[in-house]
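Across the two complexes that follow, subunit A remains constant while its partner is subunit B and subsequently subunit C.
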Partner chain A sequence: MLMTNTEEIPGKRTTAFHGVVSGSTVRAKHVGRDLMASFKNIFGGELKGYTELLQESREQAIERMISQAEQMGANAVVNLRFSTSSVAAGAAELYVYGTAVTVE
Partner chain B sequence: MEQLIFFIILIMLGYFFGRRAESKHYRSIEAREEFWITRPASTYKTVSQSGRTIRKSELVSGNVVISVDYFKRIAAGLRNLFGGEVRVYETLVDRARREALLRLHESCSDADEIINIRLETSSIYKGKRKQVGSVEVLAFGTAVYFEES
Partner chain C sequence: MDYKPTRPENNDNISRDSPVKEALVLLSGVIAFFLVAYCILGFMVDWAVARISPKMEAAIFSGFQVPPGIGPTEDLSCQKSFQRLTDGLRKCCDIDYPVKIIVIHSDTANALALAGGSIVIFSGIFDVVRSENGIAFVLAHELGHFKHRDHLRGMGRGIVLTALSALLTGSGSSITQLTAPGVHLTQARYSRQREAMADAQALETLVCYYGHAGGATEFFQAMGSAHDPGRLMPYFASHPECESRIAALKKAVQDQLFDIRAVTPLPAVFN
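== the complex of A and B ==
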């Protein structure tokens, strides 16, 4: 599955549009990570656990989007966008959406 | 009294460790930015060298979560009383953005150009009393690989 956040795949011609596809995942952090985060909130610095957690969750959201695009018979997703929102205390929703297309 | 001492110790820890971490991070950011400066990266939707044929293009991303330290939080809290520029948070988001961009670069070290770069910022963790605990920056774009010419 080809993916870009440009309106078309550079160097390839779009032959068919299939519509909007999206994938989302809601994740909560676990206690261990939370404890580390509260230490880091004193000393400052990068929260590596959170960085990884968000990265993994985004990959999962992308996978869900890809399976949706495959069902539509597309071979690429263009104009991809990410969005993050916190739905509840300690939980974040990661959302990814784009347009499923067929490229030659 | 004990609480006050604890509070002062936390502020001092935040000040010393936070400052040290920040200047170390800035040194690393500057050194790495030097390395990537020659590769074209833009927010344009088209490639800069339009004559060349494109072999491959793919979505790339880089993200980072950076936490504020205790001193910064108190300093920002004081700023809330008087209003004005909160410089301690400015350096925080600046660091996060530049780090995310660098990770974007590092995730596709053999790409020829990165186009359509977008940055997204969100505060993912609300600390006690609803103060911002940390900020996440996601940088994403399209990496373009040209045909060997």
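== the complex of A and C ==
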């Protein structure tokens, strides 16, 4: 599955548009990570647990979006965008969306 | 270029896992974590309590005062008589540090062992216990708590349980209120075991001091007839039921072949 945040894929010809595809997930880290993050807040620095949390969320959202695109018969997603929102304390929603296309 | 609008067959953004199964897995995980953490921290409390000497305890809790509004009685003769009785009992159960007696005027018939080596007696107890032996048993029971360091254990475990439930549910959340009865049940069960041990210790102390076990069940008999705890209450109570305590004491008297003789009446100073 090809993915790009541009409208077209250079060197490829878009033959069909299938519509909007999206993937989303809301994830949390375990209480131990939350506790470590609150300690880190005292001294400052990277909250590694939360970096990991967002990375995992992005990967899962992309997987779900790819699955939708495959079901629609597409082989690429263009105009890819990420969005995020806060749902509950210590939990993050990652939302990824784009246009499913067929390229050759 | 064609536009072929299609919809995906499945929406993968919604998880198909059974919420009931997930809830069961999560709940059992949380309960297992809670139990393991409580056991480990409970052992750590016991370990720490064994290492806090009475001297250190007295230093830590020297600022521990009786709550304002229920000040100690002015009747010093009453206080002194109690102190003499307690000092005698103290020698019988090998407590080699001073235990201070505080008598408080109140309708409540009860006594408490406070951290830092003080026993608080509420004067309502003289309305239900009519013999010196009966009072001595109550004092010996509180001394039993000191000997087993139950007041520190109870305090430590209370802190552990409150901290754990706050950690799991977040302080002040509505789930904390749901777990509160569970926390209370756990605490109450532990407390009942310690109370039974203090009773057994008190019986031995009483026999050592007076030479017989007369008056040991007087307080519980008086309290037992005062109110009926109901069917479910024993599980929530921090103390065993009066009837079961009387039965346990009677059994201990029989098993250890203790004599039961006439009790010493309460000295006039207590009236």
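We adopt the following convention: the second predicted complex is superposed on the first by the 104 of 104 C-alpha atoms of A that agree within 3 Å, B and C clash if a C-alpha of one lies under 4 Å from a C-alpha of the other, contacts with A are read in each partner's own complex, and residues count from 1 in each chain.
We take it that a residue touches a chain if its C-beta (ideal position, glycine included) is under 8 Å from a C-beta of that chain, and two chains touch if they have at least 3 such contacts.
Computed from a predicted structure; not experimentally measured.
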item: Simultaneous placement of subunit C and subunit B on subunit A, clash or fit; value: fit
item: First, second, both or neither for A:Gln71, with subunit B first and subunit C second; value: second
item: First, second, both or neither for A:Thr14, with subunit B first and subunit C second; value: second
item: Which of subunit B and subunit C A:Ser83 touches, first, second, both or neither; value: first
item: Partner chain in contact with A:Gly23 - subunit B first, subunit C second, else both or neither; value: second
item: Spatial angle subunit C-subunit A-subunit B, Cα centroids [nearest 10 degrees]; value: 80
item: Of subunit B and subunit C, the chain that contacts the larger number of subunit A residues; value: B
item: Superposed arrangement (fit on chain A Cα atoms) - minimum subunit B/subunit C Cα distance in Å; value: 12
item: List of subunit A residues in touch with subunit C within their complex; value: 14-19, 21-25, 31, 35, 63-64, 67-68, 71-73
item: Complex contact set, residues of subunit A against subunit B; value: 2-7, 9-12, 29, 37, 40-47, 50-51, 54-55, 58, 80, 82-86, 89-90, 92
item: Subunit B residues within the subunit A interface of the complex; value: 10, 13-14, 17-18, 21-22, 25, 45-47, 53-55, 57-59, 61, 63-70, 72-73, 99, 115-116, 118, 120, 122-127, 133-134, 136, 138, 140-142, 144
item: Residues of subunit C touching subunit A in the complex; value: 1-13, 167-168
